[in-house]
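The data blocks that follow each hold one structure.
Consider the two complexes below, in which chain A is the common component and chain B and chain C are the respective partners.
Presenting the complex of A and B:
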């Protein structure tokens, strides 16, 4: 069973990797997104002379991490899932000797695997652009990775909820945007959580995204 | 013992009914109205291991719906299905291990990847032992002529090439039962031939039970031993292919080569027992029913007006029989 899940994940990654343009475009996307965030903060910094108590270097590092994490936390299979419900490809998934849930967990793993690859690539490039020197301890790195791995099931459940909405609605896009916005805000991808109104940061403690 | 059993199987679809015009559609937003439509209406059958069954009927008769219930993709509204001791929609995953299915217009192969990748995934998912996988792959490659296709991306294959790969993928894990829903749709005669031979071959070797729906009567002629005919969700015939012909195919066509014909035959002979469908100076084509008369009687009548040189008789083919049945509705 574990074998099947990993094979599915591998298939998914292969499917993405067959077109080089996928990788290049996704990576550029991430770089541009990161660039925009950092420029906004630079503008704030230049105007007001501070960035809510963060140093400029801290802000840049924060967003380099965001660039790495965005694909891992916001990518997923909900679109694929609802398309397959709508165009009937779901029959293939229902005929597999593996539960629907596990089947998609495999695909989701593949998506996130590829996302991690894109994220890390974009992260490394931005380190060069912004001349960030990373010196983190091994312990920090490992706990960072562990936290990211723990997040995978959580985001997967969210993906499942939005994806299976395909049974009821044909506008997944709206749901998808909603899901993304929630994840963006509560996981601090847009801005550090400490900068939000207290209610939001409090809520985010209970929402484990 | 029956490997597939359907008892009083019913599937009702709920369809939305809308009033006309944009207002009707908007009204529906607040107060939806539904209508029930019975696609499969209380069917019963038993299929034994190793049987090759042709499941036929007009467009919209309920064939695909039945197949979907047998595979467990759809839950029946009422009635019972038991496949290999399991209730498919309850133990779908367990059941999936024993079955294979092709839905003609859809593909189970991975669109962007080479065909062989999909095969490898199947091997992994169904836990096919290495040796068995190799053996099957080699055999299927030969039988279905897949040699040059395995490394190609699925999206680049033609319809017929894709279907051959699809069929191979379906049989790869040695399923006990295979459901083929229009596997020959849109294929050329050679590919069809190839696929039919493959199905028969595997059935013979592995005793695989095959249920085949198709609109190509030749598929049935060549592959199936048994026919289940369904119309508006009800079974109207279930039995051996030959019996089907005997039951419905009472019409016989005959062609007579004649000489010294005098005048128009159709006008002169007004027999209730046979009808002349076509005639010229040398040839008369006619149709009669076994039950009403014999060829000898027909000849006797005809030879009053001409000299018969030769006769050519033909039992009606499956296609003609089906045409008659479908026309009657």
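Presenting the complex of A and C:
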């Protein structure tokens, strides 16, 4: 069963890799996304020299990590699910010998696998652009990878909740945007959660994204 | 001229049909509007966080930045509503063979593609942008006169046209990559740069958003005018819009000649 899931994931990555331009464009997008935030913080540091105790290097590292993690946390299979509900492909998916749930988990893994590749590429380029000095120990690196891996089922279940709602509404485009917005706010993708209003940072402790 | 008016009238008919199509899924449409509004709340939270750490950004106060943001948002809503379909040019039209059908119609395919825009949810952007703009005009003690309303409306539409023209140019990549959505996403990413004063950026980015991709004419220079910082650059916006659309149509026609069907 696990073999089938990984085969689906590989297939999905291959599908993305057909057009090499995709990879380049995805990477550029991630770079530009981080660019705005970093420039704004640079302007703050040029004026005040401080931001809630974070050094400039720390805040830039934070956004480099955001660039790496955005595809892993926000990409997913909701668009695919929405299309299949609307164009009737779902009938074939439900008749397949692999359960609907596992089928989409496989596709989600493929999406995240490609996203991780894009994110890491954009992260490495960002390190060169912003001349980031990252001193990371092996333990920290391993913990980081473990946390990211544990996050995969969390984001997947969140997408399944949104996707299942599509059985009733036939279209989940709007709810998908809602999911992304919630992820952006509560996972600290726009700024470190400690800088948020107290209510948001407190709520984020209970929302596991 | 008669031909242009005919194309505009056809375009409006296509847009009305697309809105009707969008409204088939009413619940999702409402959730979409609310969600799009929430995405903007994310950005406003970021601006709020920024101003917890500084009193001004490149000389712009919190209220002035929010005014720039509100005006940008309204132009984005015009652009999304009228030209959003370029996002689907690659994945929906070209890859799935829909574009071949459009070529058989007695209408220019660009009109058909743009006319299928149905980003009705951008209505949320318009509302939130309008609320922010009115609030900031009041806070900044800028009198809301009849002339200001006319000017604001005119330059919001001009801003939307500039964004739409640039988006159309970006979408041309779909004729080769068969996936325009990521290219158009790049466009969306770059225009977020204009939600802040261009003085915070490095020289290259300044040149990029002023001359190469003239996003600065969408909201930055109009806002400078409303704030009384610069009264002249705003009047270049309509000229920029015309130039951008001449280039966009030219590039589109050139790319159309290179079109190869996927055979779907």
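For the reader, a short list of remarks on this structure follows.
Basically, the second predicted complex is superposed on the first by the 207 of 209 C-alpha atoms of A that agree within 3 Å, B and C clash if a C-alpha of one lies under 4 Å from a C-alpha of the other, contacts with A are read in each partner's own complex, and residues count from 1 in each chain.
One rule holds in what follows: a residue touches a chain if its C-beta (ideal position, glycine included) is under 8 Å from a C-beta of that chain, and two chains touch if they have at least 3 such contacts.
Treat the numbers as computed from the prediction; the structure is a model and nothing was measured.
Here chain B and chain C are compared by how many residues of chain A each touches, and C touches more. Shared-chain residue A:47: touches chain C; no touch with chain B. Of the two partner chains, neither chain B nor chain C is touched by A:131. By the touch criterion defined above, A:89 lies against chain B but remains apart from chain C after alignment on the C-alpha atoms of chain A.
In the superposed model, A:7 lies in contact with chain B only, and not with chain C. Contacts of A:99 after superposition on the shared chain: chain B is touched, whereas chain C is not.
By the touch criterion stated above, A:26 is placed in contact with chain C alone, chain B being left untouched.
Chain A residues in contact with chain B (one complex) as well as with chain C (other complex) are 19.
Residue ranges of chain B in contact with chain A, taken from their complex: 68, 71-73, 92-93, 96-97, 99, 101, 103, 106-108, 110, 112-113, 117, 120-121, 124-126, 153.
Contact residues of chain C toward chain A in the complex are 25, 27-36, 38-39, 41-43, 45-46, 48-50, 52-54, 56-58, 121, 173, 176-179, 182-183, 185-186, 189-190, 192-193, 195-196, 200-202, 205.
Here chain A touches chain B in the complex through residues 3-4, 7-8, 11, 14-15, 18-19, 88-89, 91-92, 94-99, going by the rule given at the top.
Of all residues in chain A, those touching chain C in their complex are 19, 21-22, 25-26, 28-29, 32-33, 35-37, 39-44, 47-48, 50-52, 169-175, 177-178, 180-182, 184-185, 190-191, 195-197, 200.
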